[in-house]
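Once you scroll down, you'll see the structures, which are given as structure tokens.
Two complexes come next, and they have one chain in common, subunit A, joined by subunit B in the first and subunit C in the second.
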Partner chain A sequence: MGWNAIRIWTVLVYGFMFLPVAVVVLLSFNANQFGSFPMSGVSLRWFEELWHNDAVMRAFRTSIVLGLMTAVISTTLGILASLALVRYNVPGRNTITTLLIAPILVPEVVLAVALLLFLNWLGIGKSFALLLAGHVIFTLPFVILVVQARLVSIKRDVEEAALSLGANPVQTFFSVTLPLMLPAVAAGALFAFTISFDDITGTLFWKPGGVETVPTQIFSMLRNSISPEINALGTVMIIMTVGLPLLGAAVARKLAMKSGT
Partner chain B sequence: MSSVTLNNIVKRFGNFTAVHRSSLDIAEGAFVTLLGPSGCGKTTNLRMIAGLLDPTEGEILIGGKRVNDVPIHKRNLGLVFQNYALFPHKTVAENVAFGLKYRDVAKSDIPAKVEAALDLVQLPDVGHRYPKELSGGQQQRIALARAIVIEPDVLLLDEPLSALDANLREDMRVELKRIQARIGVTTVFVTHDQSEALAMSDQIVVMSAGRVEQVGAPEDVYNTPASEFVANFLGASNILEAKCTGTRADGDVTLEAPIFGQMTVPAAKAPRVEGAGPAKLVVRAEKLLLSKEKAAEGVVSVPATVETVDYQGQAVRYFVRAGETQLQAINMIDGHPFAEGSQINLHLRPQDCAALPGE
Partner chain C sequence: MSVEAREARQPWILLSPALGAVTFLLLVPLIFIIVYSFWLRSAIGGDQVGFYLDNWQKVLTDRFYRDILLNTLKIAAVTTFICALMGYPAAYFIARSKGSKMVLLLLLMLPFWISYIIRTMSWINILGTSGALNTLLVSVGVISEPVQMLYNEATVILGLVHFLLPFMVLNVYVSLEGIDTNLEDAATSLGATRWQAFLQVTLPLSLPGLAAGGLLCFVLGAGTYITPVILGGPRDAMFANLVFEAIITQLNWPLGSALSLLLLMVLGVLVAIYNRYLGMSQLAKGLG
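And then the complex of A and B:
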């Protein structure tokens, strides 16, 4: 009896969480203008309309460019910070780690307002660069956490072996350390991309006028009407933010198996 | 191939002195072992030679040239670690070829050199495999191949056998010595295992608490320990507080020792005893023989009681009591060991003893 109750409860909880998502995905293939059951037919009509919606496509391009840039910058900074914190005896290393991780702990609204006010105080207006900086700030902790954990597990003596064989520190990094870190680096980059792609709170505060990302675009579309296009857009978002990490994890597993680490 | 010289080296970490002022000359082509318990500074010395640590004071010379300011990747050293430290993401052949890429070696010559190195370590057919597919012993051979293929001036081995199983360790010991003799590279070997040190080295540097206790050929260090620490670290010894009653004309030293009475120790085995005064008699556990028989001419014999028997197969370690003193004896046996409680005679040849100055 006890176990069955837990089973049923579990199914209900998951159902509550995921059924709405399933409904969105399902309705995005609905042929009918009005999102209601029973569906009158299956069609890709809303995806097609999405494709021809300039505002949505622009938001898409913005989100992808923003996500990619965030991923590249966050990953680069994250690798450098992790190297410094793990491999070198930086004074105040624990404090720095805490500060770098802090953006995860601070409520995003607070972070968003704080950065905005700070830049206002400096007299710098909203811009795409600010938006990018904001995204970097709150994706960086994820990259650092993942990369640092990996770096700790890479033994120092492998790098020392490379050095002793004549590779200088930079060559050692690129031929030994980085390849060994690659699964974590890829995971960190994917995290950064998907978090940036997904984000709405900070983005609403930071985006300059006229610039929309996919989430803010959905948000503003919702304010006018509930168009079935939104379902299609939601489906695309889900594919990107769930599919990409899954794909990444599979690739990382394959890489790790090959190198045996 | 080059000599290595440490000149008044000191290494401090904060307030802790890992290596006290010490100097060391390692001849070209020699196999020198730094031997000592963990924390004695042997690895610190090795890492300073490698360039992984900077000495706080003093200078390091390789081939007569000061290398203090030369970074590790320009020192041309072969380094082998306890945990192999192979590159897990590269094949065996890529591992071995790694150092060649940073040297003036034509790309077309690399495969032949890699093959030769793998032949030398007797693993010719594993080039395409990844390190994790090999056993520990094989991985260590690859690590050795990777270190020697670059024809290093000095080969540095940091406890390379410690991670291996006991049997494999002895095979690798022979193998390592064979390869070293074949290529004749100056080798510095760090270990805490006295039998490895005795078996492999041309010279042993015994270290304790950051200081060099003794430098010498294995037989010298073993037979004529320079300190109580060395006597106890290399094999088991009984150290008895004695009194030196004088030096004979031929340099031999006469001691008045407890239990054994008057003993004459050859001059060669008491180089540090200077005339009458307090002294220590060093009796190696293997030189103290238990017997029911009477002693032959020139052998000191004292009665004793067997207290503990530690049977080890071909040898037995006894703890015996003679008067108030407990002594340790390691005897080879065939047949049965003496039973606990047996009354026996301890036989000792004075020339097998060594003497140290007393405090």
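And then the complex of A and C:
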């Protein structure tokens, strides 16, 4: 097989990955009443309709609050655990790592069922608390993997210098380690937020009746059929989960260049 | 307390919240549903605590469950195979390309940030009766009126491939990136054709990545719930749909526990075999 054949194959594979999503974005600007092809013009009417759709706006609020809370808890747990794994010689480190990434190795449906049944038995039925617990345990492994990869690159020398100059460990952590870790913290938090914001399988098991997140809202709207409104909702979600991280990365880069580091 | 003792305790203090969360929210719940699977759903509502083998007998002997389990594994296997076939050359291109590598890698990360449900439903816009393909075929005159291409097993596999392909490409890429390109050059300079050099040097060295990608595709594919609901027909239910049906619709939690555990055990055997021969570190590399 020649190099050119591989190149064409790669282009086709990328086309396969992105074309359907591009069509979602394209159709969300469709002026055509049924939201189908052929497109009859460009319009923002479907976005306007979303804005006036109470159920959709409620779902957005739920998703954002849930995502933010998940990000805070998951990142805190993840950073602490990563520090221990990267900085210390922990006995049984491989076993601990496997244990910490276990939530991604267990099929999500099984994790969802186990958590629902156990917490329900403890008296925590389908509720926001259950959703939050589920999203935390589901995002934690990803945060740990991302944060750990970034922490490895921070040299210990700087901290040791601070300690030898008389700072206590807590001061060292907050004035030296944490600022250096900030990109890792931000990456972990963003990752947790997007995964939580996008999650659907677990959410369908855990959510109380009447509460919808954006993905479950799309799911229930799909029961009828595809509509331009769903495409518009999809476009907004793509902007949130793809656009925001890219923007964040760009801003971080600008800031880093300005401060000259 | 001595300095050494404090030093030795510190990592455990840092680890305890995360380990606590995994224990309390995953391990204990898993043990709990093992117990739960031996309880019995009574006709009047409420679960009878005890040691009943009824759920397990039903799950393990009922043809209905067995057929859907086998079909689920078949769909996952076909999906994994197609992902490997499509993904390997693309990963090879990314690993060996010079100019466009960063752009290709960045693009490859994008699907991970786009919601699974949006990527799944996007195919309705393409293959639905008023979708892009039907519109095109009708306007060109190949067909006189739109045909229903959705809601069958093929579209379920298509949706799964679309969802899982990035996992495969990424894992194969990571292992290809770690291979010294000089090895392939050495082989060709010793008289091997490029194709032979690839088959005998690069391909074997990249097998751990292929296996890691394959494992992820298979496990995620076999555990999927959403894709068959959105892109499949009434007869395309996969195993996770049975679990949802038992837990959420019928509220038969003991039966749902047994079904979940069966799925976990079948996929767990695969993960264990993988772990035995390749270890988890390769998987962590591809995910991180």
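The rule we apply is simple: the second predicted complex is superposed on the first by the 239 of 261 C-alpha atoms of A that agree within 3 Å, B and C clash if a C-alpha of one lies under 4 Å from a C-alpha of the other, contacts with A are read in each partner's own complex, and residues count from 1 in each chain.
Keep this in mind: a contact is a pair of C-beta atoms (placed from the backbone, for glycine too) under 8 Å apart; a residue touches a chain by one contact, two chains touch by 3 or more.
The structure displayed is predicted, hence computed values, not measured ones.
Once the complexes are laid over each other on subunit A, subunit B and subunit C both fit without any clash. Touched residues of subunit A were counted for both subunit B and subunit C, and C has more of them. Looking at the shared chain after the overlay, A:170 reaches neither subunit B nor subunit C.
Once the two complexes are laid over each other on the shared chain, residue contacts for A:180 go to subunit B alone; subunit C is not touched. The superposition places the C-alpha centres of subunit B and subunit C at an angle of 100 degrees about the C-alpha centre of subunit A, rounded in steps of 10.
Judged by the touch definition given at the top, the superposed model places A:238 against subunit C, while subunit B stays out of reach. Contact with subunit B, but none with subunit C, is seen for A:158 once the two complexes are overlaid on the shared chain. Between subunit B and subunit C, the shortest distance over C-alpha atoms in the superposed arrangement works out to 5 Å. Chain contact summary for the complex, subunit A toward subunit B: residues 155, 157-158, 160-169, 171-172, 175-176, 179-180, 258-261.
By the touch criterion stated above, subunit B contacts subunit A in their complex at residues 50, 52, 71-79, 81, 83, 85-89, 98-99, 102-103, 130-133, 143, 146-147, 150, 156. In the complex of the two chains, the subunit A residues touching subunit C come out as 1, 6-7, 9-10, 13-14, 16-21, 23-24, 27, 34, 36-38, 76-78, 80-81, 83-85, 87-88, 90, 94, 96-111, 113-119, 121, 133-134, 136-137, 140, 142, 144-146, 148-149, 194, 197-198, 200-201, 204-205, 214-215, 218-219, 222, 226, 230-231, 234, 237-238, 241-242, 245. Listed in rising order, the residues of subunit C touching subunit A in the complex are 10-12, 14-15, 17-19, 21-22, 25-30, 32-33, 36, 86-87, 89-90, 92-94, 104, 107, 110-111, 113-119, 121-126, 128, 130-132, 135-136, 139, 162, 165-166, 169, 195, 219-220, 222-226, 229-230, 240, 243-244, 247-248, 253, 256-257, 260-261, 263-264, 267, 271, 280-281, 284, 287-288.
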